[in-house]
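These notes concern the structure reproduced below.
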């Protein structure tokens, strides 16, 4: 029988998908702080047991053997999650925010984790995408909303290219300064000028894709639900697209050369790598992702204002990448989840959010610089031999 | 243009400029010694100012003459920030010496964030600006159209004295010699018997002390401090240090003055003075594209 | 007269007031194994750095065959067919052996963005052929290394790392190979082994010219066709090892005046 043999080696993946579904559902659904705290205690315990019993090794092996199956299982888990939560406005909003932040973080992973470019202005590029949506969505142009999302990404990438020359010509910490300066510049600019709404910001109309108005509740035929379902689904689609592209970059000559640039620019040049080209590519692609994410976010939240795009948000994003393990595109997603969801659930720590994550990052950098889940060694798949 | 008007801008710019220069010198010292960008510098500055305020509030019941209070505040905040700087160095920076420099940048950035958020959260009513005591004479000398505030002159004097003192320490004392030796070549300095760790700790303490001085003088000048002042000042100070060429103390001084000049030009030129920061930052970004290693020399740190 | 593979004419490099290279004239013939020796600070690594475009010469020219390559960037130098190893071993430590080798083969890879993302079939073919090529090259040096193709560099011994770095420089089939003190960090026997493997490889690539910076003199004696001795950025002697070893100026440079 074919069916049982497939599952014999793949059942750990199903288990993983189920675990992911259950844990994310609980984190998003539960509201009492003690419940969340309990969950926070149980999760590491479960992970520890899994490691000791050899379960995690089995899972890792199963995932390695069946990558496509794994992706399908996780996609189904995500969909099941959305379906289960379809009537809970706040949980969906939270989930959508996680997905969008994860998208930006993937962009940062390419810039920082692969090419070694520090970008402390990630939220600014996110903001550029958001404002692009705000501006283009209002006027009566015939642009379809999906295209505006892409345009948001493009505009972010284009403005990013203005920074490229100084970023390229300077080394590490100088480049960091440029992005910080740009982030501050962007925020000041937004507050000071009037065209873009000044400190009050702009209102953004919701999305309308192929006739489907995102502001209305999810159709009863498909189970009904909050209007956030549509946005969350779209954010999921965006994340999947961005994630796939990130992995494709990593497992190709693009990722290899970016790694080389990050690790040793001089040596890279000595065997023909055009360092500038790879930095430009990483920076542009990363900002493109951030811009698209921002455009979607703007239409979901209904307004954009300068106060949403602070340096502290950029720092939070950087801490997501560090927490997840620099360069690990997979663990960046749970990291984003933790950083976005936990402060929301523990209202008590909302205020302390940035302080808390700054301390965590300090501890990580001091004691476990590779992050919670270090980046696995690249293994270029060779189909011809073993 | 009204001379008085211009003069006012000039004096303001000068005060700003020397403040930036002090911060910039701090950055340059750290970078010179350890190739480290201490992004928490601005926040240490802010902490120094808040420390000064706290000490003032503590001394208030004693009703000491202002000049004495000022001295105590200055000494206390300089010493305590020096201590903080040394702690940072010992526990967060030195252990990361062999890690990629990016990690040090990040850890100091996060440390600065911790300081900033801590003040915001734990200082009573921390998120709002706090009045800083008036410990300098508030009178102004009237020179025709120009109202020259005495405290401006005093602050500029403070800063100049501090810079000269730093210059003296760096260039004329044995400690300064050790600092310069370590900045040039760590290995050789060690071989010469210089205590690397101690020298680095001293450098950090020195730089942080300078930051405290900047913080207190900023507070005295604007008579107000807030938890976020360090961030902007830190970025500006860093820009100034970079403009002048990281590693060069003279460059840092020049850079600080140039940045203040840019802001002043921006404020005069644009009808909306709020654009001055946008303008100044934009110019810095462009200048760095043109001269990535700064206007004066930078040390090349790579050995092939 | 046959053109030399590489010619440096009147090459000068100044750093501030210091002349690291001072009117250096040097040439390497096709297929020659040239030893470059001299006391510390005589300009040997600086010469390599100028050749590979890391430093720009203040004066003078460098010719590859008949082509003027003076002032070319490191990328261009690679395209011209000059590769190198580094004194302090510059491999990517967290990447695998295979990754490091393929990195050296830039000119044989398709590097377009669209192509890498969407033409995965071609990418897979390239991965397969690069893996094969790397295997084969590594195998000529050490069959044991081939089994470590997917290990990170950090898992390798010093001599294996040196082998990888040399292979990285050879994989693109260069015209000129610059070796900067490959013996650093290795025992005498290990260095010998590596050099023998290199010589064996070169037997099948007779047009490769190699310049070797070394301090181990018996190595130079054994394997170099010719030697050039530098001091204070200038050439003070050239010839076979035996000839230069007995040269009075050379002895003075190393040992000081009698």
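Which chain is which? They are A, B and C, in the order written, and residues in each are numbered from 1.
Following the convention adopted for this analysis, a contact is a pair of C-beta atoms (placed from the backbone, for glycine too) under 8 Å apart; a residue touches a chain by one contact, two chains touch by 3 or more.
Note that the structure is predicted; figures quoted are calculated from it, not measured.
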Most widely separated chain from subunit C, with each centre as the mean of CA atoms: B
Chain with minimal offset from the mean of all protein Cα atoms: A
Centroid distance [mean C-alpha coordinates] between subunit C and subunit A, Å: 43
Centroid spacing, where centroids are CA-atom means, of subunit A and subunit B in whole angstrom: 36
Centre distance in Å when subunit B and subunit C are each reduced to the mean of their C-alpha atoms: 47
Residues of subunit C engaged with two or more neighbouring chains: 54, 86
Contacts with 2+ other chains: residues of subunit A: 266
Residues of subunit B engaged with two or more neighbouring chains: 304
Contact set on subunit A toward subunit C in their complex: 245, 248-249, 252-254, 256-257, 259-260, 263-264, 266-274, 281, 377-385
Of all residues in subunit B, those that touch subunit A in their complex: 37, 91-92, 95-96, 99, 101-103, 105-107, 109-111, 113-114, 117-118, 121, 231-232, 235, 238-239, 242, 246, 272, 274-275, 277-278, 281-282, 284-286, 288-289, 292, 302, 304
Subunit B partner contacts - residues on subunit A that touch it in the complex: 116, 118, 120, 163, 165-166, 169-174, 176-178, 180-182, 184-185, 188-189, 191-192, 266, 311-312, 315, 318-319, 322, 351-352, 354-355, 358-359, 361-362, 365-366, 369
Touching residues on subunit C, where the partner in the complex is subunit A: 52-54, 73-75, 77-79, 83-84, 86, 90-96, 98-99, 102-104, 106-107, 109-111, 113, 116-117, 120, 123-124, 126-128, 131-132, 150, 152, 168-169, 172
